[in-house]
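Pasting the structures in now, so scroll down.
One chain, subunit A, links the two complexes that follow: it is found with subunit B in the first and with subunit C in the second.
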Partner chain A sequence: MIGYLPGHSPLHRAHPYTTLAMAGALLLGAFALTQPLEVWLLVLAAATFAAVGGVLRASARTALVLSLPIWALLFVLHGMLGAEPRMMAGPFALSVPGIARALVLGGRVTAIVLGFLTALATVSPHRLVEAMTAGGVPFGRTFLLASTLTVLPRMRERAAQILEAQQCRGLRLGGSPFARLRALGPLALPLVLGALAEVDEQVLALDARGAASTARRTALDPPPDSRAQRALRGALLILVAVAYAWKFWRMRG
Partner chain B sequence: MTALVALEGVTFTYPGADRPALADVSLELASGDLLVVTGETGAGASTLLLVATGFAPRVVGGTLTGMRRIAARRCGVVFARPWTQLTGLCATVRDEIAFGPASQGLPRETIRAAAGRAMEGLRIAHLADREPARLSGGELQRVVVAAALAMEPEVLALDDPAAELDPEAADALYDVLPAVAAAGTAILVATPDLERAARVARRAVALAAGRIVARGAPAEVLGGTAVADIARAAGCPPPFPVDVPALLRRVRR
Partner chain C sequence: MTLRDLVLVRLGVAVNLVIGQIVAALLLPVYLDSVGTILVAALIGPRAAITVGLVSQVLNAVISGNFSWLPFAVVQIIVALYAAAAARLGLFRRLSTAIPAGIGMGFLAAACSAPISYFLFGGVTAGGVTVVTTLLRAVGAPLGIAVASASFATDLLDKAIACALVSVLLRSLPRTLAARFPALAP
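== the complex of A and B ==
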């Protein structure tokens, strides 16, 4: 699951800036925190964020799939090749500071991925566009952000169509890993070439509909914002600033 | 009457091309015109649309020589593949159609009224709350045409607009065009669908290798095929059917 999932959770109903501010705070917080316990509290916060959005299961599953290879790499790089002292874990002599480092880095990645996936799943691109339009953000920037949020679901949909078409023409998807890898060619090539071929028309169509206009766009249905949400976004900003101040204070100490 | 678009000896070459896509083309388009452009694939009909509406070379690049004057303040363009013309940012058909007027910064009431008129004109008011990505190709093409009309263009270019439509929807689309032209919009249609084009067009031009090889009344220009000659010899009233299926349909009627 990567993409927007319609719903009625508090995150779905919140102003898009509020949800994005929470995801942003998780991202910035991940780099401000340096101890394994702190980072794993942040992972817990990311999981709570996903749970509030009603997308915990879907987001956690995808986050796990995306984070596991990084975890494996961190384990080898820091846990096995890290500095002394070492502790025995079964047949492995693991580096104690290396494991702590792997836990911090892995926790950061997990928290960031989980937060990002939750924001993707709960921020409707349409509401985000309306919010940014109402805020006077130039359309170019709005389009860049919104199309980034929607590109993966669109590509996935297109890939499914190409896959069906290629299967109708005899493409076999099963078999050995090598055979599966070989099947990627007939999928990836039309996917990329098709997307590139349509870019010209998309640019023309957007231009024809005034996307390049210098007039300030009218927001048709801007999502409601509230004093409480603005206060929450301000509080998150302060929290991140405090976390960084704490980090640098500790570094000096 | 003042021409909305005037081309005189225009030659246009795409970037990197070794020969021009349009050569020495002269054409005038006035308010209320309904001009059909036809020719073999690669004859330059689509390019003529882009040049006449100002999108070439401004958006697509390339070089243009000769005299081109575009007095129209707003030009719309619709391509054959409707899915490439969606913004991807709108949750409903209503918002998709309102995208263009919203780009012009018009007041909300004006935008909603323009979108409503366009939907009524294309008989798609019942689709207003549907998600654009979930529509059929035929429905989508009508949405795209309505989106172009909602901007109230002075010149509307349609590039093979019925390519994705079933015969009934194609008839419905072509039936709308005379009313749009009568309201003052100059319409340019590039299409291989000569029978439908002949039914609605006021003028026609035929292109070959980027040059205009015939121009005049639709029956004269579009009827220049062997099938049309047979129909003419048989005393069939114009517009003459231009291919065998069209001739058979006419005979059955």
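== the complex of A and C ==
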């Protein structure tokens, strides 16, 4: 997997909302386009996006790893099991419309994954939180996104501890599906009940830090935004709207 | 949303994501990625549960790197609303009502996820479901039928187990802890 990769590219310097808007436009655009050529132009746009961010190699490698199983399944489900007519490609008799559909669907997934991996690699979580705070986003939303990521490793660790402890007490994880299902209770119950018991303690700790305050917070180091970036975000929105208008107009035709 | 609700939402998201780890260790043919959503719906209500579902979907994408499944966030909203209604009717109080409630939830979730899977991804989504779809397609089922059958088979089982687990969890809450949640009052 890929995380934030520090750098000085235009995407690293851009306002986090601008980079996320580009990734979002790729996601929405991918579902608006329905022809193989259009979708592959979008993949090219996603690759350019990654290159501008200076993370093309890292993003493309991870995107490839994530997309390959989907490509393989698309090849089988649409290429090999698709509708007539067929063409021979080596030992395979491939469906012509199936391959065209697989190219659209596979390109769609590749463009989305590449776009968001680039955003993940170039948007610093700290700058995103600062941008949200400066933008007046309520504390609750920033808290949810930022703090859940820190809670996860702790809960995973606890889940692993419970698993080992229950195995020491004789819990068997193998056997029939029903036997394995019965093992779910002794593993999930202590994990969730333990976490629920800590809720009030966590509320008190947050309250003591002023988290319940509704006053607007001041960001210490808000990322600079500019008129050009706001215009770019607006243009992306219009572009996506045009892509969908075109899609529905073609569907009517 | 109160501070307490926020902490519970965060817990719900973590449960959604971590239960998957346990399920993987047990090699069960289900996902159980909505246990946290159902639990929060029963403890607090629909608004918090919808937040749990949406945040889980986004964080799952951030953690796995696969953002193409974001459209399935709609399913989480359906699950949250249904779970809140089921909790209000007291269906999680007994296993005998929680499991049928889970089957109903699975029916709705599949009815929502199958079209997304078919129209947006051509039936190729998560590994297990797609393998079932491919097998059905290989024996001659039309793609739409194969996708729908695979979605219904997996979602009915998944949501029935998830609701049963939440029912057991709620009944296992110590009285002192259960008393802190007004929604659980009989």
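Some observations on this one:
Just so we're on the same page, the second predicted complex is superposed on the first by the 187 of 253 C-alpha atoms of A that agree within 3 Å, B and C clash if a C-alpha of one lies under 4 Å from a C-alpha of the other, contacts with A are read in each partner's own complex, and residues count from 1 in each chain.
The rule we apply is simple: a residue touches a chain if its C-beta (ideal position, glycine included) is under 8 Å from a C-beta of that chain, and two chains touch if they have at least 3 such contacts.
The shown structure was predicted, so the numbers you read here are calculated from the model rather than taken from an experiment.
Residue contacts after overlaying the shared chain place A:L120 against subunit C, while subunit B stays out of touching range. In the superposition on chain A, A:D200 makes contact with both subunit B and subunit C.
In the superposition on chain A, A:L144 makes contact with subunit C only, while subunit B stays out of contact range. When the shared chain is aligned, no partner comes close enough to touch A:R233: not subunit B, not subunit C. By the touch criterion defined above, A:H12 lies against neither subunit B nor subunit C after alignment on the C-alpha atoms of chain A. Touch criterion met: A:L181 reaches subunit C, while subunit B stays clear of it.
Contact with subunit B, but none with subunit C, is seen for A:R209 once the two complexes are overlaid on the shared chain.
Judged by the number of subunit A residues each one touches, C leads among subunit B and subunit C.
Of the residues of subunit A, those at positions 143, 147, 200, 202-203, 206-207, 211 touch subunit B in one of the two structures and subunit C in the other. Residues 50, 53, 55, 59-60, 75-77, 79, 81, 84-91, 95, 98-108, 111-112, 144, 147-148, 151 of subunit B touch subunit A in their complex. Touching subunit C in their complex are the following residues of subunit A: 1-2, 23, 27, 31, 62-63, 66, 69-70, 73-74, 76-78, 81, 101-102, 105, 108-109, 112-113, 115-117, 120, 140, 143-145, 147-149, 151-152, 155-156, 159, 163, 173, 177, 180-181, 183-185, 187-189, 191-193, 195-197, 199-200, 202-203, 206-207, 211-212. The touching residues of subunit A, when paired with subunit B in their complex, are 124-126, 129, 133, 139, 143, 146-147, 150, 154, 198, 200-211, 213, 215-221.
In the complex of the two chains, the subunit C residues touching subunit A come out as 1-4, 6-11, 13-15, 17-19, 21-23, 25-29, 35, 39, 51, 55, 58-59, 61-68, 70-71, 120-124, 127, 130, 133-134, 137-138, 143, 161, 165, 168-169, 172-174, 177, 180.
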